[in-house]
């Protein structure tokens, strides 16, 4: 059983080492990428600025909730006036 | 009369074992927790009901050609369902907070210590003769500490399918218990002053950075750790569909209909592993106990890592956000926010905690890939 | 010229049999009834078109590796599609009216007499040497009287796959014909005075009752009649998702995208059984005739049961609602309402008829489980 | 063939008997359950009262139809006023 | 240390071949074109990402039990995914413009000359010893000229699965390049005066005609060319669901959730064929070159056919709309509209071009059926 | 290799011939069908006139966009009045 525990310890050390190394490298790579994007002014290029294809998913500037709220408010408003 | 005999012999009362009866009660408790207490209901309702169906004597729903067994074979044995869920999670994830503060990736790394400590714990219990887990089983149990349902199911399906039911139950139960498990640990390891730390506001992240990040992550995986590629590949694919802006209809379907359908079948498939003979064992108790330890250690590691980072940096980090590194998205980040507000009612940590939170997903997928590679999944 | 020969030999004109031609006409009639007459269009459009595709000579769409045959094998032979549809039906069903007046469950029981009488009829025709149905086939034919498409397809797939096409066609055709078949029987068996009976308004049912009911039903099935567990289990699962309130996104997908997709493939898969050689037989005529009898007897039994119940109760039941016990949800309940309004233009029976209507779904699933258990599906 | 008819009759009797017994038992069990829920005041407990997770499925207090009806009515109303 | 060795040996850096590296770059280019240039993004994002995943060394995602290989086997080898996509395309297609001016079907026929010329070209290259395509492969390559992604994938899956990756890439790339490839050819083959031709306004088409047309088309296929029945059958089925008006919920799901889900998996499955060893060959270059020729010839044939038709008819046809006969719906029709507006800024050809555009879909499905029948797929 | 080229040429001729013949026949059949529909007045029969089952797919006479537009217009209108 000692052998099993030993492989466990080894696996833990290698494992945590790898996880840390991988994510630390990802930090560096990500920071470099962000730096490059900002440096070369790509953050505001055509690609980044183009609006997403919103129509397809039925997202509207005024959500159904918003419309409902307005309609209900108007409804109430007009009823109160009509009395 | 012959037919009446057949009817009685075919009835549940005549065939039910005590184990099945117990499992039906356990399944009902899971459903109660899911419905009345809102414990991870998307999975615990489906797993719980699957457990009910699997323990109906004589119905054979979870064996042979029964529907739940077919679902298990098609979707879980192949790994397809957890991977599709991961794609959906990718399509739901916003890497913005992480990109605004990439250092928080290290918090997501630290919290994975829960995984490896638990692995060691499982092997320790075996060394002591209390349990009898081999290396693969110990690795699969450790992944509970990753606080990621689909990752845990994927790994268990590869390394220890016989423990899949218990591991999935433990993973989702503790994810649901995050608001109860984490706060005491967070308070214990931090001073009031630390909990009051206000963090610098996050910068806005450009669309291009969000598009490039999933590709960068995948390339890094490809070059360094290919065994994590299935999980992180599907995750990055979902995220790229979300961010690239030209396939919005695919991303929309991925994060709604597709993930919903697969969640239903994943839950039923996992439920098929709640059969009495395989679930009602001492191992299950061991797994539940180890899972709790895994969560606690992961939380503590994240918090302590944040404190260590504060020794080396000028822009201070509120150590509470380290607790979000276990993932359990977005519950853990909300817990961080809540504990933070107790210390300083003007300090909203939610967005700051989202960085380590999604970093925790990446971290446990990396750990999962490693485990599968090394223990030979 | 060689290629021209090949072209001609591969053409439909050169290969078509008279049977295929006849089946193409029959499929077109089904499509006509579905589109122009709105006969159960969700199923008859898909089954009808599947029938067209299956009878194109030489295309082999419904055999071997053809798409429709693959769909049949994957979804119908395994029972998966009818069960998923049943889950969707569960997510669409409101047990409120039934819970407000549980006695109407007995009407749903009585109407199942159509099933067993038809089974006997099928065996009788065989005893007389007119047809040649064995016990399994007779049981599958009887289920047409349950007026439940997915139940009929599930049972036929288990007990008599060779009759599946005819049974599905009969089941959906008669469900579509409910407004024509039922009213004369209802009028014949009731007096004008009975049809005018006004029923007590239904009480409101609490959320908790609606959540507990599907679990209760499943537990009763588990303890007493496990063979009905696949059908009723998936039905109760869909209903629990609907009522429990914590997995609304799953319930929503179940009753929209998922049920729609499975309906399309179920229809095409059933259509693959409309090949001329298996459909154009004397058995099909027998099945159509028996199916009509089944519906009529079921309707009559439900109405008569209501009259019997009135002998023992102080709160009177309008016997018309017994006719809704055959299920055919919600068509049968609407027919009840219409016939009731003819007798008393202020008497709206719709909600009262919904109780026996969904009770009929439970009743025929119970009968189906029994049949499968006893005849050894 | 007589044997077949006999099993049919037996199946019919057992079958209808079982269906009736099962559903009659379900009546009793259901009535008991409803009685218990009402008796112990559970019909109005937190569980029953908590609103369903409505946002996810996009069910709104005011349905799209309702909103449409209000908006159209207002539209008509204002047009008639502006003439 | 043993484990560190294992880690290094398992890493991508240690295992990556030059071919895999090149394919990763090619996949990134495809993603760039899809995202930044909006080249057929629905397919090129999914195929491109699939290509990335397939070339991660050691991950084995596109082989054995890897997810992408399973997707390929289940959905593409069987032909199911392209057929389901075709059903979805049917549910998205309005045959109105075609029914208002059925003669434009001939333009859709003429444009298929690109298919057969390319087939001949592929065989010619083989006869010259430059390439080595057999008849089946040449037929599969020719179908690129049909400008129909799912048709090309369906045929390649039947006749030349080893070329599927290259054929799919070529088909979608050239469909995306339609606005660049077609206009010069269109201008070269027409005079300014011809391009200014104003066409008679299209009549309104009744619902009944729209319902009958898909059935008529299917019956014609059944009687004359059954080998085209799988593709055109599913196409007509989708269209009938769309037009018949009684199964709107099925049609809606077909053209949204279902087609989206299948598009994702189709793309990933095709991507699994972008492995370096099978894609990085001289054949791929030949296929890309031949595909370009196919498109150009198809465009030219359509335009010339329109000019020929003008010799025989009194109601003149603007020859530009002939270019839409290659299909590439609706891109080609939009290109026609744009080139037409350059010549006459008041002349909107979009609706007139939709007729030949959908005719091109039918035409290439017919050609596909023929190819499969004759070369024995 | 010549044999291969020959089958290619044959396939091309037969292929284009079939495609043309098939689509030409479809032209005739379609024209006949349309003529029959118009001739027998079926274009305006019950079938053709019945509105599609619009409710199921959530298509409303007034689309959400339309309603939003009306509601926003009213909102603006009333705000301008209240000033």
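Chains here go by letter, A, B, C, D, E and F, matching the order in which they are written, and residues are numbered from 1 within each.
To be clear about the criterion, a contact is a pair of C-beta atoms (placed from the backbone, for glycine too) under 8 Å apart; a residue touches a chain by one contact, two chains touch by 3 or more.
None of the values given here were measured: they were computed from a predicted structure.
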Subject >> Same-site or different-site touching of chain B by its copy chain E, using the half cut >> reply: different
Original post:
Based on CA centres, what chain would you say lies at the far end from chain D?
Top reply: E
**OP:** Would you identify the chain whose Cα-based centre sits farthest away from the centre of chain C?
**Re:** A
Original post:
How many angstrom between the C-alpha centroids of chain F and chain C?
Top reply: 34
Original post:
In angstrom, rounded to a whole number, how far apart do the mean CA points of chain D and chain E lie?
Top reply: 47
Subject >> Where chain B and chain D are represented by their mean Cα positions, the distance between them in whole Å >> reply: 34
Original post:
Counting in whole Å, what is the centre-to-centre distance of chain C and chain E, each centre being its mean C-alpha position?
Top reply: 41
Original post:
Hey, what residues on chain E touch two or more of the other chains?
Top reply: 3, 7, 35, 211, 224-225, 245-246, 249, 252, 257, 370, 374
Subject >> Sites on chain F at which at least two other chains make contact >> reply: 11, 14, 18, 47, 64, 67, 71, 74
Subject >> Residue ranges of chain E in contact with chain F within the complex >> reply: 99, 102-103, 105-106, 108-110, 112-113, 115-117, 119-120, 123-124, 126-127, 129, 134-135, 138-139, 205-209, 211-213, 216-217, 220, 224-225, 245-246, 248-249, 251-252, 359, 362-363, 366-367, 370-371, 374-375
**OP:** Name, in rising order, each residue of chain B that touches chain D in their complex.
**Re:** 1, 3-4, 7, 35-36
Subject >> Residues of chain A defined as touching chain B within the complex >> reply: 1-2, 4-5, 7-9, 11-12, 14-16, 18-20, 22-27, 29-31, 33-34, 37-38, 42-45, 47-54, 56-57
Subject >> chain B contact footprint on chain C (complex, rising order) >> reply: 78-80, 83, 211, 215, 218-219, 221-227, 229-230, 233-234, 237, 240-241, 244-247, 249-250, 252-254, 257-258, 370, 373-374
Original post:
How about chain D: which of its residues touch chain B in the complex?
Top reply: 10-11, 14, 18, 47
